[in-house]
Structure formats: C-alpha cells, structure tokens
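Structure below; questions to follow.
By letter and in written order, the chains are A, B, C, D, E and F; residue numbering begins at 1 in each of them.
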Amino acid sequence: MMKTFSSVLLVSLLFSYCSAADFCVGDIKSALTPSGYPCKPAAKVSVDDFVFSGLGVAGNTTSIINAAVTPAFVEQFPGLNGLGISLARLDLAPNGVIPMHTHPAANEVLVVVQGSIVGGFVSSASKVYLKTLKKGDTMIFPKGLLHFQINARGINSIALVSFSDPEPGLQLTDFAFFANDLPTELVAKTTFLDPKTIKALKGVLGGTN
Amino acid sequence: MMKTFSSVLLVSLLFSYCSAADFCVGDIKSALTPSGYPCKPAAKVSVDDFVFSGLGVAGNTTSIINAAVTPAFVEQFPGLNGLGISLARLDLAPNGVIPMHTHPAANEVLVVVQGSIVGGFVSSASKVYLKTLKKGDTMIFPKGLLHFQINARGINSIALVSFSDPEPGLQLTDFAFFANDLPTELVAKTTFLDPKTIKALKGVLGGTN
Amino acid sequence: MMKTFSSVLLVSLLFSYCSAADFCVGDIKSALTPSGYPCKPAAKVSVDDFVFSGLGVAGNTTSIINAAVTPAFVEQFPGLNGLGISLARLDLAPNGVIPMHTHPAANEVLVVVQGSIVGGFVSSASKVYLKTLKKGDTMIFPKGLLHFQINARGINSIALVSFSDPEPGLQLTDFAFFANDLPTELVAKTTFLDPKTIKALKGVLGGTN
Amino acid sequence: MMKTFSSVLLVSLLFSYCSAADFCVGDIKSALTPSGYPCKPAAKVSVDDFVFSGLGVAGNTTSIINAAVTPAFVEQFPGLNGLGISLARLDLAPNGVIPMHTHPAANEVLVVVQGSIVGGFVSSASKVYLKTLKKGDTMIFPKGLLHFQINARGINSIALVSFSDPEPGLQLTDFAFFANDLPTELVAKTTFLDPKTIKALKGVLGGTN
Amino acid sequence: MMKTFSSVLLVSLLFSYCSAADFCVGDIKSALTPSGYPCKPAAKVSVDDFVFSGLGVAGNTTSIINAAVTPAFVEQFPGLNGLGISLARLDLAPNGVIPMHTHPAANEVLVVVQGSIVGGFVSSASKVYLKTLKKGDTMIFPKGLLHFQINARGINSIALVSFSDPEPGLQLTDFAFFANDLPTELVAKTTFLDPKTIKALKGVLGGTN
Amino acid sequence: MMKTFSSVLLVSLLFSYCSAADFCVGDIKSALTPSGYPCKPAAKVSVDDFVFSGLGVAGNTTSIINAAVTPAFVEQFPGLNGLGISLARLDLAPNGVIPMHTHPAANEVLVVVQGSIVGGFVSSASKVYLKTLKKGDTMIFPKGLLHFQINARGINSIALVSFSDPEPGLQLTDFAFFANDLPTELVAKTTFLDPKTIKALKGVLGGTN
C-alpha cells in the first residue's frame, strides 16, 4: 500500500514549503507594533514558551487593599503574543478589595476558584450590575467599564480572570486621579470632589500638585 | 470604436451581478449585532442617509458643567453604521468642563474649532498628558483612558471630535460612582472616598443607597 | 459650587444620547451572523446575563475517556456574545484523556486548578510540544492545532480553559474519522489506516459505511 | 481497552454542547449586517451550499468590451458568507478589455488559466505597475487601486481571480462618470474632461444630464 | 482606614506589572508593518506626541484646483499610529474643486466648518449621491468609492474630514490616468477616452508615453 | 480652463503628502509580527513583487500520495503580505490523494481547472460534506476543519485553491500523529489506535518513540 521511504521524504519536502505561522511567541525586547511584538524565530521556540507557572503562586495581600493581582499578560507570558487572550490571578484576603478600575483594551471573565467574591460593574448608562459569587461562579466585566471585586465572606478568596487581549491594560481610578501630578484644581473641576479630599488622597497615594 | 448601445447594456448587465455592499446604512429599529445594525435595503437609501445637520447646532451649556456634548453616533446618524467612525461636537461656555470620562470602545481625536481648550488624559501607568490647545490644534485621547476637556481662556469654545467606532460609548466617572443605586459602602470601599463625600455627591447627582 | 438639581438632569439628558453598546448579550434564538448573535434589548438585560454557574459543577467522567468537558461557550453563556472570549472546565478522572482534537476558531489557555495534567500539541511542522503541568501551571494551545490533555498522576484533576472566541469549536479527530458515514474506503485513502482498523473504530464510535 | 457503547454515547453527548459555528452559509434573503448575512440554520445546510458550478461556464464576450466577468461573490455563492474570500472568472476574447476599475473592499489575486493577459494597476503615488502574464502567472491588484486587464496575444484568454472579501465590490470608472445622471458640468469640473467628450461618453453609456 | 504609605507602594508595585499598551506612537523611521509602525518607547512619549497643529493653518489654494488638502495622517501625526483614525483639512477657494478621487483604505466623514460645499459620491451601482452642504453639515463618503467636493457658493470654504484609518490613501483619478507613463494606447483602451484627449491631459499633468 | 504647469506641480506636491500604504510587500528576512512581515521600502518595490510564476509549473506527483501541493503563500510570494489572501496549486495524478488535513488559519476555496476531484470535509458535529467536482466546479473548505481531496476519475487533475490568509498553515493529521517523536503510548491514548498500527505508520512516516 505504501511506496518507499524516499517518496515519503518527498511528501514531507513538498509540504515543508507550507511551514505556517502557527504562533508568534513575542520577542518582548524588540519594539512593540500595533498588532503585538515581533515573533521569536520558530527555531528558538520550545514548549517552555507556552508554559507559565506564575499563576500558581499566591499574591502578596499585605497592602492597603488586602488583595493582589498577578498578571499573565504578554510581558510576563510572551507566548500569548498575538493570540487575543491573557490571564490573571486575584487573591483577596478577608478584607480584600480590587478597587474601581477599567481594562481599556479587553473584556474580562472571572471564575471564583476559592472563597466568595462580590463582583460589580457600571454601564455607560450608569446602571449597576452587582452579584455575590460563590466558588465555581463566572462573571463577565465588559471592556472599558468601571468595575471592582470585593471579598464577600471574610475568607481568603481566589479568582482566575481571563481577558480578550494579551495586553488588557489596567487603569485604577484612584491612581489616575490621586497618584500623579495632575493639579488638584483640575482634579476638582473634573471630578466635583473638593480640594481637601483630593489633597488627602494625593497624600495617601503619593500624588503631588 | 464603440459597438452598439445594446451591447453596452450587456456590459451593464454583466457587471450588475456585482452590486456590492458599498455601505450599510443602519436600520436602527432592528436588533443590534456585534458588528452593528442590519442594513437598510439599498433601494431605500438616499443621499439624506449620508448627511447629518446636528453638529451645526450649538449645544445647551446652561447645565452645571457649562458644557454640552452633541453626538453624531450611529443612533443619531445611522449612515455611520459599520463604518468604524463617528463624531461629536463639544460646546464649552466660559467655565465649561467635560468631566473625567472614558470612551470604552473608541479612540478620540479632537480639533478646536473656536476658542481654546485644555485637554488632558491619564495613562494606565497614571502618567498625565496635559495641553492647552488653541484654535486649529488637534489632540488624541486613546481608547478607554480617563480624560477631560476644560475651557481654557474664558471664551465660548467649540471642538469637533472624531471617534474610531460608530458607538464609542461614554462613561462619566462621577455618574458611574454617584448617580445610581450602588451602595455608599461599596463606593467607599472601592474608591477610598469617605461616606460623607459620597452621600453628598449622590445627593447632587441623583444617586441613592 | 454646584448648580441646581434640574441642571444636573440636563447633563444627564445630554449624555443619555450616548447610550453605548457596552455589551451585546446574545439573543441565541435569533439567527446567528458572522459576528455573533443579535443583542438582547438592553432594557431586558440584568446582572444574571453576566453570571454563569455551570463551571462550578464537576463533569461526568464515567465515559470511555474518563473525562468531561463542560463548556461555557456563547450557547451556554449568552453574555459572552461578541466579547471574543469563552471558557470551559475539564475534569479528568485517574485515567482521564481529552483525545486529540482542534478548536478551529480559537486559541486556548489552560490552567490546572487541581491535580496534574500532561498537555501536548503538534505544530504544522509536526513538532511536538509536551509538558507535565502541576496545579497552578498554565499552558497555551494555539488555534487550529492538534492537541490533547491527559491525567498525569492518577488523581482527579481539574483545569479551567479560556478561549479567544465565544464559539471556539471542537473537532475530535476520532469522531471526525470514525463516528459518521464517511466511507471506510475514503477514510483509508486519506489517513493511511487499514480498513480493518477503521471498521473497528467505526464500530466503537457509531460510524457506518 | 474500550468501555461499552453507551458510554461512547455519553462522550458524544458531552461534546455535543460544543456544536460550533464552523461556517455561516448566508441567508441572502434576510437583511445584510456589517459582518455579512445571517446564517442559514445548520440543520438546513448541505454540501450543495459549499459547491458552485458557475465558474465553469464561459462568460458572454460579445459586448463592447469583448470580455466578461462571472462573479462568485456571496450573492451568487452564499456559502462564502463571512469567510473573507470570493472568486470570479474573467473571459477575454481577442480584443477583450476589463476597463479601469476598483474593488473598494478587497485585494485581488489573478491567475491566468488560458491565453495571455496584460495586467496593470496604478498606486496612490500614480506609479504604474504593468505586466504581460502568460498561462500560470499570478498577479496581485491591491485593494481600492485602479486597475485593468487586457487580452495580450489575440487569443481567447481566461483568468481566475480571488478576492479577500465575500463582497469585493466593483466600480468601473467609466460607468461612475458617464452612466448616470451626474451633471456634465460636475463631471467636467471634477475630471478636467471637456463637456463634449463627457456628453459623447454619456451617450454611449446611457448617462443623462 | 488606610494602612501606611509603604503598603501603598506595594499596591503600586503590584499593578505596575500591568503597564499596558495604551497607545503606540509610531516610530515612522522604522519599517512599516501591515498593522502600522513600531511603537516609540513609552518612556520617550510626551504629550506633544498626541498634539498636532497643522490643521490650524490654511492650505495654499493657488493651484489649478483652487483648493488644498492638508493631511493629518500617521506620517504627519505619528500619534495616530494603530488608532484606526486620521484627519485632514480641506480649503476651497471660490472656484475650488477636490477632483474625483478615492481613499482605498478608509471611510470619510466631512464637516463643513466655513462656507458651503457640494459633496458627491458614486456607488458601485453607478448611483449618484449629491448634496449641497452648509456650515455645520456632515457628509459620509464610503471607503473606496469615487467622490469629490466643490465650493458651493463662491466664498472661501473649509472642511474638516475624518477617516477610519491612520493611512486612508488618496488616489486622484486624473493623476492615475494622466500623470505617469501609462501608454496612451492603454489609457484609451481601458477608459474609452480618445488618444487626443489623453495626450492633452498628459501634457497638463506631466504624463508621458 | 487650466492654469500653468507650475501650479499643477503644486497640486502634485499637496497630494504627495498623502502617499498611502497601498500595499506592504513583505520583507521576509525580517522578523514576522502577528500582522505579517515588515514592509519592503516602497521605493524598492517593482511590478515583479506582485507577479508570481510558480503556479504555472506542475508539481511532482511521484510521491506516495501521487499528488503535490505548490503553495503561493507569503513566504513564496511576499507581495501577498498583509493582504488577507494566498493561493496554491494541487496536482493529482490518477491515484492522487491530498490526505486528511486542516488549515489552522484560513478558509479555502478550490476550483477544478483540469480533470475531476472528490472533495470532502467534516464539521465539528462530525457531519460529512462530500462531492465529486468536475472541471470548473468550486468547493469551500471552512477554516480549521478536517478535509481531503482525491482524484475522481483516474486522469491527471489540477485545482487552484485560494485561502483567506497569506499564511493559511497546513497540518496533515498523519504527519502530526506519526512523523515525530510523540511517544506511541500517548498517540495510542489520545487516538484510540493500537500501538502496532501506530508503530507501523511511524515506521513509514519517519516517526520515533
């Protein structure tokens, strides 16, 4: 039924023209482009480019938010380059809070892996979508909308979150308002907060002006 | 050089197979899809579907922000459906402010058409990009990032803004935090603002809880 | 500092023009389009459209593969419609195997949540990428490439997998070859398997011809 | 090695959740959307939806251009809906010409199947790319650029062309200028052609005004 | 309510992993890719990369078309790189004409900022869409379709145009036909214009052959 | 009607700002990005970058499959870079078979140019779509689905195939299973084939382990 081995080699040869771009492991030291990082040469790619162990380690929750975000974005996990997806791990200690924030470039889907979490987001129409999630529950947070996660039951909780982009971005509202040199007067004018409140939070978060 | 007219008709006929989807004027009463609204039948499309006069009318700036946004998004201008672009007009009276907000789905480019405007945005890394713009100046506000515009010189100012999507969305931070039923306790936990400030702003913006 | 409440309402009114398509919960009884299902009317959308509990339930692993796939694709979780992402849960009993398969429409990222799993995929160039993953490890399986998962240590194992599309698709090679009416002769010619092997597997998997 | 048949059915059942949108045969009587036509229900799709015989028939080249275009676009071949590709057949009799035209929505790749053809296109920078193609030669015509094909050797010639969109569109410059009611004065002002020439071509091509 | 400042730094640190690609200012001296130019390093980006003043300057309308196009495409305004949008300014002196042309890569939306302009485009089906626009009016010109703009009332007129791509392209039909070395015989065959007309226009526009 | 030639040059100059990215001929020696190769400088691009003659040459069908695939993918034909399309030629000698395979990144459309071919594909739902195609017939093979082509009538047959991506990829199932070092035990577990069959095919196709 089969011809000789040498003719097999020929098939192999014929199809070797067709070596496709099955993946594009990011060469993250090269300049980014709008579609992602240039690809590492295929010859230098090994299985280790597709495996990441960082999500197995608990984040440090001893900060003021009693919570931690451990990203597996393209910079941490270059195998995700160009694949339209990334991950992160959330650790929330008993009083843990992931404060109000947005991901400018990605939809988010969260799965509670341990404990219980309150998830909430607000739509452009200012409607609130709020839910207490138990272990195994999944919740969607649409791209660019303000949202937060809070420990729901006072026990250590963990979630795995997936994003629809290798670089979802993350903008924490408080950091945007109070952790930089945006003049207090401009913050006041554009947020309706009073200067005293602003200056207090700038003090806490390291902002100036 | 030419054959008879009837053979021209034949050419016409041959090419009429190729009636392309040059555009897709939105039938905005039908259900939206992820790519936009279904198209109005080509036979019912006239030039008026591609012309919009709303941006020629000054917005009402007598509100608390002394400013107005007049959108030409797909709902107002269905000809934009599927075209990857939309517009808006900003009117800023002498103390006018477009408060901190994001467009979850679009990049924005603003051109000052009259007066002078301070534009500012904050990156994910909490860096501030701030500029006083004069008539004719253009400024970019990247997708999903917090930004604002303020009247710069105390004279009525106007800007035309373009978006990279027919439905850019608009989320005003203050409205998301204070103009709905998100419980004060949750706002406090996720923004670090104190309950008194929150309740005051809820009072002003019509929020409850 | 604030004007009257009625002027707030005016701002609210001005911005209400801008009610964006923040999301597009799928009306999965309507006809699909190439970009996904038509959107459920925003007024009928509640937080429950964004929450799914199916991944919290262990799959039934008593089948011949001692494994189960529990999808949270757009048909099970219509809130994912148009969002470029979906999920699934894998349960692998001690001898569990997710046999060779592809997802024609999505990249996959797997996280081991319990136990240990061997993941493997084969590139277009027929190179094998193989790894034993422990709890917390993440592995990428690029779009359209043949891959499999196997229980690694003889203990019940669970993984959460994320896909870069709400409808990733799933084509099991054995089912494609042996679980339908594709004539044995054609299977033989196109796979180099002998008719006896094919007929045996057709027998097991319910194929005919 | 195998369990019983009923457990196979269970696997089958488990995976049947995952019935993916492998394709989206267009229901071309429904309203188009920006991403294409709604999909025909999968249950009504047969192999005939994926097969088209129209390109096997020679086009009628007895018109003034001595040439014919036979499209296999989504309207003729609804199986192409949403697939990002379409085809056409060109027949050029000895003096055949496909006049200057553009495809607003697609790149084109032409393969000469019989005879010989001169292909040419002009870039935005007004540079000419011109080549005489023999049987088996392939030529690219980038999206939206003016191009043409001419019979090169006075023998019946045939080409297969592929497009990067199911609806490439086709705008013949002469038809756009002279085969409608665009006033002669406006054509003159916007093309620098003199009114006499314009009126003559309007006469030939059926234009008015 | 707050912990110490050092724990704030820790939050800051945790989130600093997540430095997103909020934007991609083009390094326009590097090689272009299909998705745009490589990004300038974020550390070298300042607000001036997002501000452009060129549209504030009137174009020189003393040419044969009594009109000028001032682009703010990615080459002039590298901040637009990868953002899916660009702008231009049109100046039309009393007899000003932007002759028949297409943008191969972008939809266009025009707003009249001063004076009055006649806009027109022709569909693939050769139907004409024509309108006299006054100050404040907006008109859509779909991607790849032939269109023009003419001064409507004999007064200096200005328009701002937005495009759905940072590199919309611009192909002027007359320049494509008459301002290069495309042989007169080929122009005649593919446009139905007579050689004398072609040679005259080649003379005016600098074409040869 | 015309001004002087020097004013023409001015127009030319004005529009020269707008030199668009009409195309992006791939510089295939540079690193690939997720959107394709960097572009060759426009000044070095000639018509030969858009012309390819390789599909005019019959493939060598003396291998075990009595068939050959001659690709015109981006690596062979760099002009296709970024254009969303590519081609290939199939030659099937009397017993020719293109064995079961997938293209992970592209839809395929095949046109029979000579002879007769049986085409078949299997959907995710394991349904078979099978057809005997005669000269001139076209058949669609959707992205990522297993498919094959077989000589239908014992005469030399040729097909032209088009793909919806410049790098469609090609994964032959037999090569993925048997032409590498994937351990026989893992192949057995994940395909239900018995080790003896696997070792025999590994022997023929050059696999080990």
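The working rule: a residue touches a chain if its C-beta (ideal position, glycine included) is under 8 Å from a C-beta of that chain, and two chains touch if they have at least 3 such contacts.
This structure is a prediction, so every number in the text was calculated from the model and none was measured.
Q: What is the chain whose Cα centre is as far as it gets from that of chain E?
A: Most remote chain from chain E, centroid-wise, comes out as C.
Q: From the C-alpha centres, identify the chain that is farthest from chain D.
A: Ranked by distance of C-alpha centres from chain D, the top chain is A.
Q: Could you quickly compare E-F and D-F and let me know which has more C-beta contacts?
A: Of E-F and D-F, it is D-F that has more C-beta pairs in contact.
Q: If you line up contacts by residue number, which pair in B-C, A-B or A-E shares over half of them with D-E? Let me know.
A: A-B
Q: Return the distance between the CA-based centres of chain A and chain C, expressed in whole Å.
A: Taking the mean C-alpha position of each chain, the two centres sit 20 Å apart.
Q: Quick one: report the Å distance separating chain C from chain D, using the average Cα coordinate of each chain.
A: Inter-chain centre distance comes to 35 Å.
Q: Determine the centre-to-centre distance between chain A and chain D, using the mean Cα coordinates as centres, and give it in whole Å.
A: Taking the mean C-alpha position of each chain, the two centres sit 42 Å apart.
Q: If I count partner chains per residue in chain E, which residues reach a count of at least 2?
A: 2, 18-20, 22, 33-35, 104-105, 123-124, 130, 142-145, 169-170, 172, 175, 179, 192, 194, 204
Q: Which two-chain combinations qualify as touching?
A: Applying the touch criterion to every chain pair yields A-B, A-C, A-E, A-F, B-C, B-D, B-E, C-D, C-F, D-E, D-F, E-F.
Q: Given the complex with chain F, which residues does chain E contribute to the contact?
A: 31-35, 59-60, 62-65, 68-71, 73, 75-76, 104-105, 167-170, 172, 175, 179, 204-206
Q: Which residues of chain B touch chain A in the complex?
A: It is residues 97, 99-100, 102-105, 118, 120, 122-124, 126-128, 130, 142-146, 148, 150, 169-177, 179-182, 186, 189-194, 197, 201, 204 of chain B that touch chain A.
Q: Show me the residue ranges of chain F that touch chain D in the complex, using the header's touch definition.
A: 1-2, 16, 18-20, 22-23, 42, 46-48, 50-57, 72, 77, 79-80, 83-87, 107, 109, 111, 113, 121, 123-125, 129-131, 133-145, 160, 162-164, 192, 194
Q: Chain C touches which residues of chain D in the complex?
A: Spelled out, the residues of chain D in touch with chain C are 2-3, 5, 7-12, 14-15, 17-22, 24, 27, 30, 33-39, 41, 81-82.
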